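What follows is a structure written as structure tokens; I'll ask about it next.
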């Protein structure tokens, strides 16, 4: 049944997120272990492992989307950490948030900057 | 009263969007001309003109966000055209949409791919 | 079983929306008649009939919310018509839409202005 | 003026939510008592009291929607408690959340699982 | 590389959606074939194939969520068709939409009923 | 380069929000000072300074939209404070929130009333 997606995904998750991503997956073991498995296999083993877009652009696109959606604060934090981990600098993260102002409004940007402050302080 | 924001914004809008962006602004002249003016001055003269993030990443981040939001089909079309205009290729646009699946779900990606098909057919 | 909510609601709906609101309710008769009944009884008989806020402010607040949500185009049309009907002028409707730019972004405002154009043309 | 909707709604609310729902209504007494009254009369007296769909399916559909919306954490908690109260088991609640992954993405599911963990711990 | 997920997913997709779902997947072949593949493998091969919740409840939960989200009209149509296909009747679909009124508002329900009218007319 | 937008915006911000709005701007100085500048220049210097709609209606429309969006709790607090500051009374704020029930549902209204309780307690 195994096609290497889980291993590929776990390696990808660690390469992208450092320790933070794996923690999220582990924290699901008691209540919804398959949710953690799908994150590894599908989000990282399938999607993040795709060619055609470099890892930094993938993470900045994700930061942009989560900023605009405004419903995913813990995940925005994980992906700001991941963006730093794959080579984005703080300015690029803030600029990605600023780019959202015309599309999603000031509250979305303000709330994302509050997340960035926490991420930068802990980095 | 003029500080060059409108001129800077118009030049930026044309550099980024080609003819499509200017059309949107012109189409507002009869009903909400200041809305068009703010798009030029603020979205392009202020935000897009900022250093710290290249134009292609700004446009892909915008495509990501509009895909995830799912409420801005006409604007997603304009920004997919703009992404092509500033040097993204079709594959990068599709990959940006695919990157949204784990964060915003399949319907958001499916509806964005339908927009991409129209944009690519007309390009 | 009748407490006059339906009659009060229907009178309120007609006072607020003119013929457009009643059409929406009638159009539900074949498939979900109770949905129409709840709109009359609850939205108009209960909520719109409340004291404490004048009808024009209620309708402009509704236009603001539907503009920002971006998922309710047909209802935004009905409430722009209603806003005109209860005494808002075109400028106040456009200003209410413009007020949404900093909170919900340009796409929300652009799509609402497109609805306003249709409403104003038919008025 | 009374048509029994409040009494019917209160009985329904208690049958569905146990003590948790009534607490929400009571907590509104000082600031917006009519909001509490409408929840009892309309949400429970009108909607939940309808035939055509059993109470467990109504609650699981509500859990699904609140999970996907991502803007209603306190209400998701109340409805996960209610789902347990009307006979859903923990697995069905988790499966309903998992079913949302393809439609609303992993962040929506992750945040709903965090709510479920609190609900299950307190049950 | 194959672990049977695609075959399991395709069988599940056909069992759940009849011909409509497979059409969506086929229509992606020219522009984003992997998007179609992920729908089959992940949405149907992984998620829909899970035990713990019957197919009718899965589809009604999906109808509930897509109704509440309001950004996925084409997908709501597919899942109303699928709900009928796996044994829900028209009344249960309408009731699921009605159940969303207190949580997502009347516009979401009105727009979903418009989709249901199309689905029922074509069934 | 200066056209008085910042000064006009700051005066407007203080007139509208009292001390609360300026605090938000100041708090951005360390991480995203231009975000604060754009709020002053664009949101207040451009949008709030427009004629055609009185300040109380602008603030109530903003309270309506932020209530309906459900993703901007800190900003809803600021604008409820501002609404009080420009002459709305508590009842008008609560009524604006109640007006959102039919359009955005009970959870949006419940969460906004919780914000109002905090604002009123501190006023």
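The chains carry the letters A, B, C, D, E and F, assigned in the order they are written, with residues numbered from 1 in each.
Throughout what follows, a contact is a pair of C-beta atoms (placed from the backbone, for glycine too) under 8 Å apart; a residue touches a chain by one contact, two chains touch by 3 or more.
Bear in mind that the values here come from a model prediction, so they are computed numbers and not experimental data.
Note on connectivity: the fewest chain-to-chain touch steps from subunit B to subunit D number 1.
Compared with subunit B, the chain whose C-alpha mean position is the greatest distance off is D. Of the chain pairs A-B, B-C or B-D, the one whose interface repeats that of C-F, sharing more than half of its contact pairs by residue number, is A-B. The most distant chain from subunit E, with centres taken as the mean of CA atoms, is F. Centroid to centroid, with C-alpha atoms defining each point, subunit D and subunit E lie 23 Å apart. Averaged C-alpha coordinates give centres for subunit A and subunit C that are 39 Å from one another.
Each chain gets one centre point, the mean of its Cα atoms, and the points for subunit A and subunit F are 30 Å apart. Averaged C-alpha coordinates put the centre of subunit A at 27 Å from the centre of subunit E.
Residue positions of subunit E touching 2 or more other chains, listed in rising order: 34, 38-39, 42-43, 50, 66, 69, 71-72, 75, 94, 98, 101-104, 106-107. On the side of subunit F, the complex with subunit A involves touching residues 24, 28, 30-32, 34-35, 38-39, 43, 66, 69, 71-72, 74-75. Of all the residues in subunit E, the ones that touch subunit F in their complex are 101-107.
Considering their complex, residues 69-71, 94, 97-98, 101, 106-111, 113, 116-117, 120 of subunit B touch subunit E. Subunit F contributes residues 39, 42-43, 47, 50, 52-53, 57-58, 60-69, 72, 75, 91-92, 94-96, 98-104 to its touches with subunit C in the complex. Those residues of subunit F that touch subunit B in the complex are listed here as 1-4, 34, 38, 42, 46, 50.
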